[in-house]
Structures are given as structure tokens and as C-alpha cells.
């Protein structure tokens, strides 16, 4: 898919940041970290995964569903993206 | 918007079903209903609101973002709808 | 449940505010309101329902799961509430 | 925290399974995988992260908020867990 290909570097950078968060989470579980801090780390991972999903979904909708072309269809996409952003925070 | 206009009866029926659930929730809060049952009713309302959001969003995406026309863009919409359904359950 | 009983007025006020949002949503669907505005109203309803769920759940956890009494168990509840708040926004 | 310590092996196993899913996701982004399949993989990661959050949260609530001890408080926890499960699917 062209939009994934075009954004490949950014997407891979996000994946690797999540991998770093997961490594830190694993150390927290292996160590003696208190549960509240583990839950916070997990909430951060969830937020990062949601952000990545939103980026891939938005790219796909813009490039292949509204697009290619058509500024009218791109405009119609905006309220949907606004709602999706509020869900995937 | 035509897709809301076309589905107006179904959408209004869903809104009214939610209104009925809200009326029953209000009685439960006013009465002596135990908290677990109130939480279950709230979870049902949330599910019904999510279902309504999904229907409006899907109608909009099909009619005005992928559409009008273009079976290719409609096909590209399918994986997005599958993911949205898993989120808005 | 005492926490629902104690907060009954506030909870019923929230339920009625949601009923008002639902009435406005129904008018929007019956009228010629554009889909983006309908989606925004639906997102507002969802947020209000989530807020009500959070309030009932927090009240229940504080009064009947961590409580009655025990400031230690109340403290242990805090990181869970923080995560729940981030989910039910 | 004792409940994390006691379940450490299982929790670490879940973290590593997610790491495996992330590695496969990274290959999918680097490769030529179509967007729909990438979105499905992302949805699976999200589900696995939600499952892990639920397990840590439930363990914490049972051990340190309802517990230690008190079957009454454990019972009061059940409707909250039921609702949380429906949100974190």
C-alpha cells in the first residue's frame, strides 16, 4: 500500500518506540515495581498503539477510500476522523 | 445528508430504544436498585450508543467518502469497517 | 446502594442531561442536519455516558470494594481510577 | 506488588507474545503487506494489550483494593470486573 510505503520510516519508528516501552514494561514486571506504575506504563503502551492505529487508518482512508483525488470526498472524511481521534486517544 | 435521510426511520427507532433504556436507568437510580444492576444498564446504553455511532459512521463513509460509486473504494473501506466494529462493540 | 442513593440527585441530573442530548440528536436526524454534526452530537452523548459510568463505578469501588473505611485500600484504588479515567474519556 | 510477583511468569509470557506480534507488524510494514492486513495485526496487538491491562488491574483490585480477605468486598468487585471486561475486549 502506497501510504504505508511512503510513511514506512515514521511507522517503523513508532513501532520501535512501542517496543522500547514494552521492554521497559517487562523490566518493571520482572523487577519489584509497584502495580500502579506498571498500570501507568501499560496505559502508555495502549495510547501509543491507538495512535499508530489512527495513523494507519487515516492514511488508508485518505489515500484509498476518499482518494485518490477528490477534495469533496476528502472534506467528507474530516468529521469521521475527528470522531475517530476522540476514540483512539 | 442522504444516508441519514434514507435511514431516518431506523435511526430514530434506535434513538428511541436508547431513550427507553435511559428511562429505565433513571428509575433504577431513583429506586433502590443495587449498583451492579445499574452498571449493567449503563453498559447496555453505552453499547447501544456505540452501535448507533457505527451505523451513522458506516453510512457516511459508504455514501460520501468511498462513494458515490466506485466499487474499488468501497472495497478499500472494508478493512477499516472491520476494525471500527471491533472498537465500537 | 448507599453511594447511588447519596448521589441520587447528581446522577439523575446527569441522566436528564443525556436525555436532553438525545432529544436534540433525534431532532437532528429528523431534520436536515448534516452527518458531521450528527456524528459530533453522538460523540458528545458517548462522552456523557462514559462520564456517568465512571462516576457510578468510582462510587461503587470507593464505598463497597475499597471501603468501608481503610485509607490503605483507598490509596491502592487511585492508580486504577487514573487508568479508568483515561479509558472512559 | 505481590499479585504481579505471583503472576510474573504468566505476565512476562503475555508481554513476550505481544513483542512477537510487534515484530511481525514491523516486518509487515517493512514488506509490501497491504494496509488491511496491517490494520488487522494492529487490532490484534490492541486486543492483547487490553487483555494484559485487564489482568493486571483485576489482580490489583482483588489483592489490594477488595483484599486482603473479605469475601463481601470481593463479591462487590464482580459487577465492576464484568463491565471492565466488556470495555477492554
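To keep things simple, chains are lettered A, B, C and D as they appear, and every chain counts its residues starting from 1.
Simple rule for what comes next: contacts are C-beta pairs under 8 Å (C-beta built on N, C-alpha and C of every residue); 3 or more make two chains touch, one makes a residue touch a chain.
For each chain, UniProt lists the protein as follows: A, B, C, D = Metal/formaldehyde-sensitive transcriptional repressor.
Computed from a predicted model, the values in this text were never measured in an experiment.
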Next item on the list: Could you let me know which interface, C-D or A-D, is made of more C-beta pairs in contact?
Entry: A-D
Notebook entry, point to check: Once you find the CA centre of chain A and the CA centre of chain C, what distance in Å lies between them?
Noted result: 26
Margin query: On a C-alpha centroid basis, what's the spacing between chain A and chain D, in Å?
Written below: 18
Next item on the list: Quick one: report the Å distance separating chain C from chain D, using the average Cα coordinate of each chain.
Entry: 24
Next item on the list: Give me the residues of chain B that touch two or more other chains.
Entry: 35-36, 39, 42-43, 53, 57, 60, 64, 79-80, 83
Note to self: Testing understanding: with touching defined as stated, what is the shape of the graph linking the protein chains, line, ring, star, complete or other?
What the structure shows: complete
Notebook entry, point to check: What does chain A use to touch chain D in their complex?
Noted result: 1, 3-5, 8, 11-12, 15-16, 18-19, 22, 25-26, 29-30, 32-36, 38-39, 42-43, 45-46, 49-50, 52-53, 56-57, 59-60, 64
Next item on the list: Using the touch rule from the top, collect the residues of chain C that touch chain D in their complex.
Entry: 53, 57, 60-61, 64-66, 73, 76-77, 79-80, 83-84, 87-88
Checklist line | Residues of chain B that touch chain D when the two form their complex | finding: 35-37, 39-40, 42-43, 47, 78-80, 82-83, 86, 89
